[in-house]
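Accompanying notes for the structure given below.
Note that the chains are named A, B and C in the order they appear, and that numbering of residues resets to 1 at the start of each chain.
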Amino acid sequence: MSLDVQSLACARGGVRILAGVSFAVARGEALILRGPNGSGKTTLLRTLAGLTPPLSGKVAAPPEGVAYAGHADGLKAQLSVAENLAFWAGVFGATGISAAVDAFDLAELLDRPAGNLSAGQKRRLSLARLLVTGRPVWCLDEPTVSLDVDNVARFARAVGTHLAAGGAAVIATHIDLGLPGAKSLDITPFTRAHQPRRPHHDDPFLSEGAL
Amino acid sequence: MKGLLLRDLRLAIRAGGGFGLGLAFFLIVTVLMPFGIGPETGIITAVAPGILWVGALLACLLSLDRIFALDWEDGSLELLATSPLPLEALAGVKALAHWLTTGLPLVAAAPVLAVLLNLPVPGFGWLIASLAVGTPALSAIGTFGAALTVGVKRGGLLLSLLVLPLYVPTLLFGAEVARRGAQGLDALTPLALLAGISLLALAAMPFAAAAALRVNLR
Amino acid sequence: MSIWEYANPRKFMATSGALLPWVSALAAILVVGGLVWGFFFTPDDFRMGSSVKVIYIHVPTAIMGSSAWFMMLVTSLIWLIRRHHVSALAAKAAAPVGMVFTLIGLITGAIWGQPMWGTWWEWDPRLTAFLVLFLFYLGYMALWEAIENPDAAADLTSVLCLVGTVFAVISRYALVFWNQGLHQGASLSLDPEQNVADVFAYPLWTCIIGFLFLFLALVLYRTRTEIRARRLRALIQRERMA
């Protein structure tokens, strides 16, 4: 089992957003997170990546096994494409960047400063970073933003290769990636609006009775 | 860690002005001071160590909010937080990069500016020594302040307000070394105390900065 | 029953609400009594004249100004270790009170210093240390105001309080070292416990205890306000989310 989540509750800015989230993603599996804007997909992914501590519940993942990609590309405009990738490869202890370059067709852009790239090219570079992390579990937040149809397909192929190699992925997205055998999870039932109002709240300042 | 240091240095050189900004500020502060004090050489000589130290401190302060803010804005900071690199090491490397791009040039420029302020000759060695030993503490403490305020929009002023009181002991001992050195008094004792503060800051601040970063990232 | 139950907001509100009238009354009686006793029923000092009477405000406020920071250190540690929200809010509540006491201590010190040493301000280690403490209060309060999420603000200010304490203590000793070579500072920092005769000491102690209760009362009031503000915030947030 690559990722095992049990009755997880997540908070954003100290406010409980999701509660009772449970799912498991095995090696070679992808899970697509669905839910309307603001339902807590980003919060859930950040919790899975270990950035936000969970309010309660458990996330079991391989140690140092989660690679996260959020809305921001995390690129340095002054560095070239190759330098950006090589930096992340160095941080994650990867040996080379050629596989990542090939997977996202970056060979022609290698010497361009990242600041000169179009939004879609930046996105490809940002996603190529996932390959140099060498981590088995990918947590991706709207990875296909500003990608054209060809590059969405290219991204789907990269995810497919990752899964075939025994990796796993949790992806929040609204479009159909066409990943074979991908499971889908709608997080709406776990959001606040669908939770019963509990008399004993997690916030100690909301306990009933006058203060 | 080495990769991160090299990236930060490369960015500082390429980012258009980030590298020389502190140095230019140091120059301007030092040149402006005699205009405010008056042209009497005796007075300027007497206050030269203090001016140079306060100028270096302000120049250091100027670039502190760049330490984490740029990585915070483009999302690199949270990616780094999920990387194998511990946040403590990240804070340490950031402090080192800040010192190499700000503190070290200040140390190198100080003797030139000291000539302008008629610093007595025996004081030059002590001035360089005090800045070389003291500026790492300024960078380390400043990294902590930058980590505290990384989530705050337009946090530069707040950062100064938080960091300046923390700079008091470093400034006291640093300027004391330079002043005693210029007057030909024993400057080794304050230099040893300054080194103590620097070592304390270098040892403790990365942990405090990492704790603050962890809170700001969640 | 464990002492930590008082860290529950409801329990704290109930207990502090019951205590407050008594603490406030005690503070009023002791401060007014001590000041009247000190101002009108003690002789003038043979050396300092009537200017000695400022010690009845100066010494207690200076003591409370530095003790308030110590209290913030303890409550910050309790928050970091045991995550009791009331503890963090008590630290937040104590900061402005401590800052004002420190400021009063500085101003009364200047008022006392003018006739005694012929100058309003002297860069004496002890005076300067209080000035630095005042700056620490400013930074601490500014950080509370700047961070929106209250739990994150509590965490960050607590870390700042810990680090600040270390550097405040170092500053205190650095200042002694700094000023030693320039002039003798000892006469400026008269230790009242050693130098003041009993006629002055009894009303002074009354004032010190009175200001302690005044500090307690103010911190309790402010902590209660902070708890209510926090509850209000949580309620508004819940309504918005629902």
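In this text, contacts are C-beta pairs under 8 Å (C-beta built on N, C-alpha and C of every residue); 3 or more make two chains touch, one makes a residue touch a chain.
These numbers were taken from a predicted model, which means no experiment stands behind them.
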>> As a test of understanding: of all chains, whose mean C-alpha position lies farthest from that of chain A?
In response: C
>> Taking each chain's centre as the mean of its C-alpha atoms, which one lies nearest the mean of all protein C-alpha atoms here?
In response: B
>> I'd like to verify one number: the distance from the centre of chain A to the centre of chain C, where each centre is the average of its C-alpha atoms, in whole angstrom.
In response: 48
>> Measuring centre to centre with CA averages, how many angstrom lie between chain B and chain C?
In response: 31
> Centre to centre, by mean C-alpha position, how many angstrom separate chain A and chain B?
Replying inline: 37
> Which chain C residues touch at least two other chains?
Replying inline: 152
>> Residues of chain B that contact two or more other chains, please.
In response: 218
> If you look only at chain C, which of its residues touch chain B in the complex?
Replying inline: 132, 135-136, 138-139, 142-143, 146-147, 152, 155-156, 159-160, 162-164, 166-168, 170-171, 174-175, 177-178, 181
> Which part of chain B faces chain A closely enough to touch in the complex?
Replying inline: 2-4, 7, 10-11, 14-15, 73-76, 78-85, 217-218
> So in the complex, which bits of chain A are touching chain C?
Replying inline: 13-15, 192-193, 203-207, 209, 211
> Taking the complex as given, what residues does chain C use to touch chain A?
Replying inline: 8-10, 13, 85, 148-152, 227-228, 230-231, 233-235, 237-238, 241-242
>> Using the touch definition from the top, list the residues of chain A that touch chain B in their complex.
In response: 46, 49-53, 64, 66-79, 83, 86-88, 90-93, 129, 133
